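Consider the two complexes below, in which chain A is the common component and chain B and chain C are the respective partners.
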Partner chain A sequence: MVEFPDINPAIAELWLALAAMALLLVGVLRGDSATRSVLWLGVLTLAVAAWLVWSNTDVSAVTFSGMYVADHFGAFAKVLILVGSALTMILSMDFLEKERVGRPEFPVLVIFASLGMMVMVAANDLLSLYVGLELQSLSLYVLATFQRDSEKSTESGLKYFVLGALASGILLYGATLVYGFTGTTSFTGIAGALASSEEQSVGILFGLAFVTAGLAFKVAAVPFHMWTPDVYEGAPTPVTAFFSLAPKVAALALFMRVMLGPFGGISDDWVGIIGLLSATSMVLGAFAAIGQRNIKRLMAYSSIGHVGYALMGLAASSPGGVRGTLVYLAIYVAMNLGAWGVILSMRRLDGGMVENVEDLAGMARSRPLLAAAMAIFLFSLAGVPPLAGFFGKFYVFFAAIDAELYLLAVIGVLATVVGSYYYLRIVQVMYFDEPAPSFVAPAGTTGAVVAVAAVFTLFFFLFPAPFVAEANLAALALFP
Partner chain B sequence: MDWPILSTLTFLPLVGAAFILVVRGDAAVVARNARNIALWTSVIAFVLSVPLWIYFEPADAGFQFEERVDWLAEGITYHMGIDGMSLPFILLTTFLTPICILASWESIQTRVKEYMIAFLVMETMMIGVFAALDFVLFYLFFEGGLIPMFLIIGIWGSDNRVYATFKFFLYTLLGSVLMLLGLLWLYFQFGTTDIPELMRAGIDPFWQRLLWLGFFAAFAVKIPMWPVHTWLPDAHVQAPTAGSVVLAAVLLKIGGYGFLRISIPILPDATVTFTPLVYALSIVAIVYTSLVALMQEDMKKLIAYSSIAHMGFVTIGLFTFTPAGVEGAIMVMLSHGLVSAALFLCVGVVYDRIHTRLIARYGGVVNRMPLYAAAFMVFTLANVGLPGTSGFLGEFLVLVGAFQANTWVAFLACTSVILSAAYALWLYRRVIFGVITREDLKAILDLNKREVAILAPLVALIILFGVYPMPILELFHAPVENLIAQHELALEGLRGATNFAAVQ
Partner chain C sequence: MLIQYIAFYVFAAVVVASAFMVIAARNPVHSVLFLILAFFNSAGLFVLAGAEFLAMTLVIVYVGGVAVLFLFVVMMLDINFVRLRQGFMQYLPVGAMLGAVLLVELLLVVGAMTIKPDIEALAAPMPPVERQSNTHALGELLYTRYMYPFQVAGMVLLAAMIGAIVLTFRVRTGVCKQNISAQVARRRADAVEMKKVVPRAGVSGGL
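Up next is the complex of A and B:
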């Protein structure tokens, strides 16, 4: 008789799966009118899951025949994912209602995507990695097309699906090569096989390159970023906000786990690639965003740039680097969440959403508090102290200097300066230009999320130590 | 002292800003309350900074009023403290902020609330820079000041403000990010970013040079040195009067202070290596920007170029490594803080009335505004460096130091004495003397009470420090001696037992 696996380490995931199915049933039985309650129940579900993860951070266990690992690193990333998902769900409420696209599938898909992400960051085997990744991706493809009547939304979903499927294919191909040359799909097994052989075969390197390319696509690092601006622009705004938050955290956490886990022993072979991905992402993100007029496209390029900074921590391939990336991601989630909250509030008095940078003109006078919050997020995204974004950059540069990646660090700081231009341009439009027609007052739910994010971003410098210590513990879990 | 007076002083303006933030009511009430709260906050800050001076022990070359709290990580603490080199700058800041707020009393009519908040945040950042003894903290305040200044120029500036404020922000940011990398490197080598501790760390000469260039990028842009000075005339011209005052009087000094606090003591070998470079750039700045100043048609631009020339004096003085030179440089900075502030305020006075800064639009102002002409005279002469004004002593000491260090540098720097007289007096003649030809000038009114209250303390201080500079000079005499002694020891490779530890 097969022994029943220990389900304790995966209790949060199981809860999420069961709850999502139950919510789906509620949605099916009660129809579209139940959207709001299902959304709130969804937020509650995610919050409970986050609590389950958080209260089990001490658990460090491998289960499901070694396919699944629960450790501090995973817990940190999972909490971040769940908080990000829950808050974007709150952000989306107002939009779904006003645009009349509210359907209970929305929260259910978000929960399934979050479940996929949790499996990704907890994967200890190429197979579970792929299962998690696909669960996440398929949910996201559907979410991108959620505004069914909009051509742009459908187009963006289709684009995302085709390119995403290609990337999954590349990743799978890489995985088969790795399996072929090491004889195992388990991360522990691969690490062991790589450690036991003196010289690495070319096949492994090919497999590594394909896996890296697939993962780089998922995090949207240059040169695998092409899909991002189009998908970000086309998808319904709350979905875009969701794309830029939780899936980024999950994909980067997975990236770190794969690179430092099974391939940690041959880091010399991949540090250069990651460094290149990081440098090109930072530079392209900074320059390409300058010309954007649509704020969603601008945020897409901005997110590409930010992935570059996050990858810098991975390129350092040290506990300090992982810590830097984790801190960076957490801060990134907070300030981006706020910025998307403001973008979701760009609704004219006649009810239409607008999404050009010019539409923000003079917002400092018509909506001073919202404009002040946006300015905080933008200065923070630009990395100006004493806002949170500065500390995010601080810790990754910290790691890069420690790993003697001086060139990468210099490219990074110069890209910061270029990048600050387009963030400042938005501040300019909001504060210096003559007012455009005013926006309606932001919904209470959106306003609350923006306020929380603004307070976090503004006052992070007062209490960084416990937060960084937590990230440090998480990072050490990857370096046994 | 138990009470954390430095932190109180630094963050007090933020408290004022928070009060302004919650002011509610109709526009006129909000504006009036915002002005009053800002003025009172800055006056209280000034009053608080006076005991700092009284209880300060000038004979002690070490740091006083120290505070230290755990902050970011091991070795990166919230460390505040002042010595004789930072105290005068803190006093300058707290002294000028109420004056700036008074100067904006009537000229700022739109979005008064935001303006006052930005100004108070600015004050916090400026005091913080001079009080920080941890490099990361220093950096935080150094860069944090960019945000309020960006908004002050961008929102309340003149026609071309957007260009000017972006230029200001991006130049300064570009300079300072390189400093950030340098400071991270220091942390990894020595496990601390504590400035007094870093002074004790002997750094490999090769790395010193790289770091020095990184820090130089930050400070040279800030002070500013030729050829990275071009942001300054734009920013000065476009900024509102009080913005120009703060820029010229305090923000530029942060660059000089950075050399004094960081580059010279932490990187002694590289400092010596690059001294010829600094001399060369400073002399170009003095001669070239003085000539450029002669040809300006805009009053503010002329004063801006004159500031760059004066800062050239500062950098020469700092890099002579003689007591006279360094003390002179600090004195020039302080005097220039008062004089340039006063000159910009004077421009603001007539700008508020006629709404132009073009020199050609004026002439014969003395006929209508005798008080104004008298005040402007004092400031012009102080800018030239006439004996009896605060401007003289600093320039004189710098030249003495420069002669000891390098005769040719001193010779070329001396040309500034002539050139500054040329542009400053010519400006004065064109604006003040002559016959009134313009209709609007015939009706111009002399200084009102508020303006007298702004300019009178500046006149008094400029003359007082010209005649009796001891109270200021004695503040930084001991730390400068110590700085130079340590510098020489470091060059001889004798860091260690007889080190900074001895004076702390």
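Up next is the complex of A and C:
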């Protein structure tokens, strides 16, 4: 007889799965009127899951026949994912109500996506990697199409679905090659097989390249970024905010785990690939955003650039680099969350949402607090000290220089300078342009999230130590 | 032994013939029906090879799901197949050339292929078929070693189902639906009104 696997390390995932099904039942039985309560219950569910993960950070275990791993790295990423998902859910409440697209399935799908992300970052096998990725992606495809009466939203969902399925296919192709040449799908087994053979066969490298391409699509790194601007622009705004937060964290954490876990032994073969992805993402993110007038498209290019910086830490392939990426991701989630909160508050007095940069004109006079918060987020996104964004960049640049990736660091600094231009242009529009019609006062929920994010971004420099120490512990878990 | 040979050749011949008919039939519905026939006979071939699990999944997944879906699509969408085929003769030479290139490549691959001597041992089922049928063996693995991805795959299907419902289900207004409980609960007093009809005056009382 086979023993029943130890389910204790995966308690947060189990809770999330069961609670999501219960919420689905509540939603089905109570109908659309229950949307708001299901949303709040969903936030509560995610918070409980985050607490479950947080109280078990010391657990380091492999279970489910070696397919699931719980360690400090996974815990750090999971908490980030869950907090990001919960806060975007709070952000979305007002939008869903005012645009009349709220349905109880929305929070359920967000929880399913979060569950998929948790499975991704806890993957210790190509199989669990794939099913987690698919659970996340499928939920995201549906969320992108959630405003189904809008042509743009359906277009974005369809584009995302077709291209995402293609990327999954490429990833699977790589996974089969890796399986074929190492004889195992387990990360530990692959690392062992690579360590025992002296010369790597070309097949492994092919597999590695395909897996990298598939993952690069999921994090939207150049040259696999084409889908991002269209999908970000078309999807309902709270869904776009969700896309740019938790799934990015999950995909980058998975990227780090795959590259440093099974393929950690052959890092010479992939550092160049990751370095190239990172450099091109930073450069394209900086230059392509300049000409954008739609703020959602602009944020899409901005997120491509930020993925480039985060990948720089992975290219360093050192504990310092992983620590840098994790700190970067945490700060990125905070400042991006705030920026999206402000974008979600761009509602004219006649009730319509606007999403162009010019619409922000003169906001400093009509909504001074909101404009000040947006300015904080934009300065932070640009990386101006002493705001949080500067520290994120500081740690990854530091790691890159430590790993003697001087060229990459120089490209990064130059891209930051170029990128500052379009962030600061928005600040200029808000503060110095002739005022456009005023916005309605932001909803209480949105305002609260924006305030929290602004305080975090503004005062991060006072308390970075415990944060960085936590990220350091998480990074060390990847380097046994 | 002889019966097995006969069965094999019958199944194989029907598979090839029906596969040919899939592309040759004029009516697309007939094509799909031939496809289903081909699936059934391939399942028979799998049974002969001792892979009864594959045979079952072929019937369930391909016949039960995919082919029926095809049938729906073919019957629901009004595709003009005659017009689709119009350029057939025009593109035939190019198609034939591509086919020939593919054939040569396949022959080269098969000709140059060497089979690893110990592959027989690697490819043998574990545990041997005599001791345990492969459905049984797969089930044992699926619910023990692969329980985790199996369960997550279940969640993937649930998410897909919710997605399909969210994207297509809409409450329609202006549709008259039968309300059975209201019909059954209707009493005679609600439905029939007794009127005293004065002769030559009608129901309205001769106004």
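Operating definition for what follows: the second predicted complex is superposed on the first by the 480 of 480 C-alpha atoms of A that agree within 3 Å, B and C clash if a C-alpha of one lies under 4 Å from a C-alpha of the other, contacts with A are read in each partner's own complex, and residues count from 1 in each chain.
Convention: contacts are C-beta pairs under 8 Å (C-beta built on N, C-alpha and C of every residue); 3 or more make two chains touch, one makes a residue touch a chain.
This is a predicted model, so every value here is computed, not measured.
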Touching partner for A:S65 - first (chain B), second (chain C), both, neither: second
First, second, both or neither for A:G192, with chain B first and chain C second: neither
Touched partner set for A:G265, first chain B, second chain C, both or neither: neither
First, second, both or neither for A:A409, with chain B first and chain C second: first
Which of chain B and chain C A:A465 touches, first, second, both or neither: first
Chain B versus chain C as contact partner of A:V108, first or second or both or neither: second
Residues on chain A lying within both footprints (that of chain B and that of chain C): none
Contact footprint of chain B on chain A as seen in their complex: 364-365, 368, 379, 384-386, 390-391, 394, 397-398, 401-402, 406, 409-410, 413-414, 416-417, 420-421, 424, 427-428, 431-432, 461, 464-465, 468
Chain A-facing residues of chain B, complex: 70-73, 111, 114, 136, 139-140, 143-144, 146-147, 150-151, 154-155, 161-162, 166, 169-170, 173-174, 177-178, 180-181, 184-185, 187-188
Residues of chain C that touch chain A when the two form their complex: 144-149, 152-153, 155-156, 158-160, 162-163, 165-167
Chain A residues touching chain C - in the complex, by the definition given at the top: 2, 5, 17, 21, 24, 64-65, 67-68, 103, 105, 108-109, 112, 115-116, 119, 125, 127-128, 130-132, 134-135, 138-139, 141-142, 145-146, 148
